[in-house]
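Which chain is which? They are A, B and C, in the order written, and residues in each are numbered from 1.
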Amino acid sequence: MVYNMMVTGLRRSRRIALVSASLAVIATPALSDEQVLRIAMTASDIPLTTGQPDSGFEGYRFLGYTVYDALINWDMSSADEVSGLTPGLAESWVVDEEDRRVWTFRLRQGVTFHDGSEWNADAAIWNLDKVYDEDSPQFDARQAGNVRGRIPSMDGYEKIDEHSIRFTTSEPDAWFPYQLTFLLFSSPAQWEALDGDWDEFARQPSGTGPFKLASLVPRERAVLEPNPDYWDEARVPRLDRLELIPMPESSSRTSALLSGQVDWIETPAPDAIPRMESEGMTITSNPYPHTWPYQFSMLEGSPWRDINVRKAANLAVDREGLEALLGGLMVPAVGTVTPDHPWFGEPDFEIRHDPEEARRLLSDSGYGPDNPVEIKVLISTSGSGQMQPLAMNEYIQQNLAEVGIELDFEVLDWESLFPNWRRGADHQTSRDAHATNISFGWLDPFAAFYRFMHSSMAPPSGFNWGYMDDPEYDRLLDKARMTFDQEEQDSILAEFHARMVDDAAWLWVAHDVGPRAMHPRVQGFVQAKNWFQDLTPVTVGE
Amino acid sequence: MNNYFLKRILYVIPITLAVSFFCFSLVHLSPGDPMDAVVSPDAPSEVVAMVQSAYGFDRPLPEQFALWVSRAVQGDLGLSAANGRAVTSEVFSALKNTLILAIAASMIGFTMGCTFGTLAGYFQGSWLDRLVTGFAVGGVSIPHYWLGMLLVIIFSVELRWIPSSGAGPGSSSDWAFEWAYLRHLILPAVTLSVIPMGVVTRTVRAMVADILAHEFVEALRAKGLAERRVFLHVVKNVAPTALAVMGLQLGYLLGGSILVETVFSWPGTGLLLNNAIFQRDLPILQGTILVLALFFVALNLIVDLAQARLDPRIQRG
Amino acid sequence: MSSSTLDASAAHEPLPAAPTKGYWHSVFGRLSRDPVALVAGLILLAILLVGLLAPWVAPVDPYATSMLSRLQPIGSPGFWLGSDELGRDVLSRLIYGARLSLLIGVMPVINAFVIGSAIGIVAGFVGGRTNTLIMRVIDVFYAFPAVLLAIALAGALGAGLINSLFSLTVVFIPPIARVAESVTTQVRNVDYIEAARASGARSLTIIQRHVLGNVLGPIFVYATSLISVSMILASGLSFLGLGARPPMPEWGLMLNTMRDAIYVNPWVTVLPGAMIFTVSICFNMLSDGLRTAMDVKL
């Protein structure tokens, strides 16, 4: 390596050291013809590599859909359209018209795991046992913990023949296919070969995905290589190597990109973007199904029980000012989904910046300058999808104060705020807060609405943190869930969502646009409107 | 003589036990539920219960402590709550990186400290002495995380000479004595070296001044003894203490590098601790503190024994 | 030992009790003739006053955000020392920050001074097994480097000002107790205390009348030398996110939150650190001066 020669430079003089330092910056990528892409992730550790990744969606993005496949994959090929589903390890699937709890999946044939073993119904069942059957030898509590909550309707599964399996859901659930995108399949043969040791499997995993794991140094680096035999020839990676490096500090990521240590960073700090652009870096972004809200407590004593307060808060926030704060890297949110989405509907309540109207609404409810609304909100200092939580919350605090809503923040670590979500507003860890500020993805109707708004999802079952309990919401959600016709389902969801907006059920603030900064030599990347991204078409030029 | 050594060595046993107890009790000082870090919050309650029993959090506390100690003795510090990997291997791979950093910083600090201290001691009362003393006070008073940021701004942001984060282009397991890695070491090592530099400077200066003030040095000089011999005499007298001070400083650096490692994203025990704190990964927190503290205990022992060996007066004390 | 401390008071009274006003007068006299200590003391006094008078001194509200004037450089109109990531005036935040930063830096030492002295004096005065027992427990804490101990405690307890104060207090109790014990042990064996004991005086009375006055001075001097470390550690904990919480103006925390702007507005981001450094070095110099002025050798 060139580096060896540079060592001598160190001893000689400072001038030479200086030259070689700058040389190294330029020289690193050109060292060989190998196409190496180095990505700095925001996670503080390499996500779990055994199949079901941890670290949220970033884990799925980099060590889920790279090394593994689901029965149904996300189609991440378009930058313009909302990502849809596409067949993965299943070629087709159908729901039983008689009993719509029964789904039959026809598995893809001719697919092999990275170790060469065959993908078939036995492998599928083995993987299901891995996360659902606590008595099976391959049962892995960590993987189970990472995935089971994402597939709430799973009730049973069985092999039909060599290449088909059957699922049963607990009740008719039109959203079941979305849930299956989170179930990834590891190789039973590799696990056997490693004496059934999941820790060892983490170091030498075997899936069916477009990438293979070449090496893993916990907390430091995961190196992926292409799987030339990937079943979808169009998605055989064009890179020679993909290096994933955890770098939780945003200033470290900035410096790593500018100094040429990495080629691509996730979530650059908005303030550093002008500097990166001035040095020729490319900034990509694209709105994706993400919402940054305040979820309200509906418990006795919460000021949010008054619809005027809810509406006033929504009218008080200057979303355009906030957009400026984030250097344009957000889309103002006027509902859980964006207005162009089929689920948005036609609400009467128009969410905008109108402090006058907000003050009027508050005075209708008897609030005023001498009698402000006092509200406590749980916020985090950072976290997956939380964008710039402190800056944004302080901005909102200022906005709301102008109309007479006094916010008091309970600042938690992300690792404390997130578990509180499932515990509810009345749990002691909520410290009597009236709202929680957790951003989330609305990839499917369950994730977007059901888990927050259906009364059956109150803690500890789901994420109905504020104990929302409205029969009309429940009715619409149940109806949508059992409606298997896509268009009809969409129109029910639109009705539901319009009601939610008219009700000002939450305070909607922003949608993230998933900014990424990369060196101009990174080419071919299409940023999908999704939490997940396809790394297979990416190339690294000179 | 042997009595002192034996006593000093035996004394390590109760200290080690007490240190272990302290580290174990850290988990129970913690208000958080260790389960939070283990399962994703959307896991169903039966999964939570199952994982809980798999991790052993449901057993009574004394049993947990007994288990913990007996396993720790065998080098098993449990599993990370955040990622399920063995704490021991996590801690030791990080410890290696911290050692690289701490030793580099010690060498810089020791060399500079001895040089400055000797100069100041020789020219006591001069402007040089005042400058060096001021420098040393600065060294022990400076918040080193701040110094780190200053160096990053000057050398990485403005001049762009050397990188400001990470341990090198490859994984730290590939760490080699090569420029590609060394350039990552420069800033954190210099940052970390200011404290030992300040401490060593102060010690050496005081001792050198003290020795030079002795009448016999005057006498040696009067006899026309070469200045070189006087210097050797000074070195002989100062070296053991300076080394002992440095030995202890190395221990402080190991424990104190957390802030510097955080500033430079250096993948050592400090960064490990920092992550463990924010992920509420108590097994890692516990294990790292234990290993570092035991390292410190051992270092103290070595320094004490070495000093006693070199300076028999100590044994009487 | 502080032999001259004893001598100084002995000159005034036949049976020495606490050092008199005359003694402190002479200490201050000597201190005021030490230019370094004097300057350090004046700087600290100025920072303290500015902090206390913050509402009158600070140009604007330290919490007032302004999205239009984010990350202004030093010397911008209206923002003499620039603005932070939320457009808050850095100068005002530095001024208000003096309150919290000094509080969390000095409080642990004061707490530890009270508790550590009590432990050390009791151990030293009672002696025997009690002494051994107390000092062995204290020794355990010496097995941890100070930073590590602070971080272990603060990390386990979780973020927060109270936890950070508690952790640092625990860190400083052992060294203070150790000094207190050794000073007390030496005073205890001085003849007049033996005499007082022989005359049947109660232990508490002896401690009050004779021991305290003679040992508190040296312990105090030692404690002041810890303030510098305490300042650095307290702000360090905040820097790690374990102490003060946003949006409080506190120097360590400001250093942390502005760190993301290091590529945008580098020189503003380091100002809070300069304050920590100034206060820390001034305390060190003042402590050195105090030690000389009181002629304490530890």
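In the analysis below, a residue touches a chain if its C-beta (ideal position, glycine included) is under 8 Å from a C-beta of that chain, and two chains touch if they have at least 3 such contacts.
None of these values were measured; they are calculated from a predicted model.
Each chain's centre was taken as the mean of its CA atoms, and the one lying most distant from subunit C is A. Comparing chain pairs A-C and B-C, the larger number of C-beta contacts belongs to B-C.
If you average the Cα atoms of subunit A and of subunit B, the two centres end up 39 Å apart. Remark: subunit A and subunit C have CA centroids separated by 46 Å (rounded to whole angstrom).
Centroids built from CA atoms put subunit C at 23 Å from subunit B. The set of subunit C residues that touch two or more partner chains comprises 241, 259, 262-263.
Chain contacts: subunit A has residues 255, 258, 413 touching two or more partner chains.
The set of subunit B residues touching two or more other chains comprises 32, 152, 157, 262, 278, 280.
For subunit B in complex with subunit A, the touching residues are 32-33, 36-45, 47-48, 50-51, 54, 82-86, 90, 93-94, 152, 156-157, 160-166, 169-173, 177-180, 182-183, 262, 265, 267, 272, 275, 278-280.
For subunit A in complex with subunit C, the touching residues are 250-251, 254-255, 258, 269, 271-272, 274-275, 321-322, 324-325, 381, 390-391, 394-395, 398, 411, 413. Per the touch definition, subunit C reaches subunit A in the complex via residues 65, 67, 70-71, 85-86, 159, 241, 245-247, 257, 259-264. Taken in their complex, subunit B has these residues touching subunit C: 14-15, 18-19, 22-23, 26-27, 29-32, 137-138, 140-147, 149-150, 152-153, 157-158, 251-252, 254-256, 258-259, 262, 273-274, 276-278, 280, 282, 285, 289, 292-293, 296-297, 300. Those residues of subunit C whose C-beta lies close enough to touch subunit B in the complex are 136-137, 139-140, 143-149, 151-153, 155-158, 228, 231-232, 235-236, 239-242, 252, 255, 259, 262-263, 266-267, 269-270, 273-274, 276-277, 280-281, 283-285, 288.
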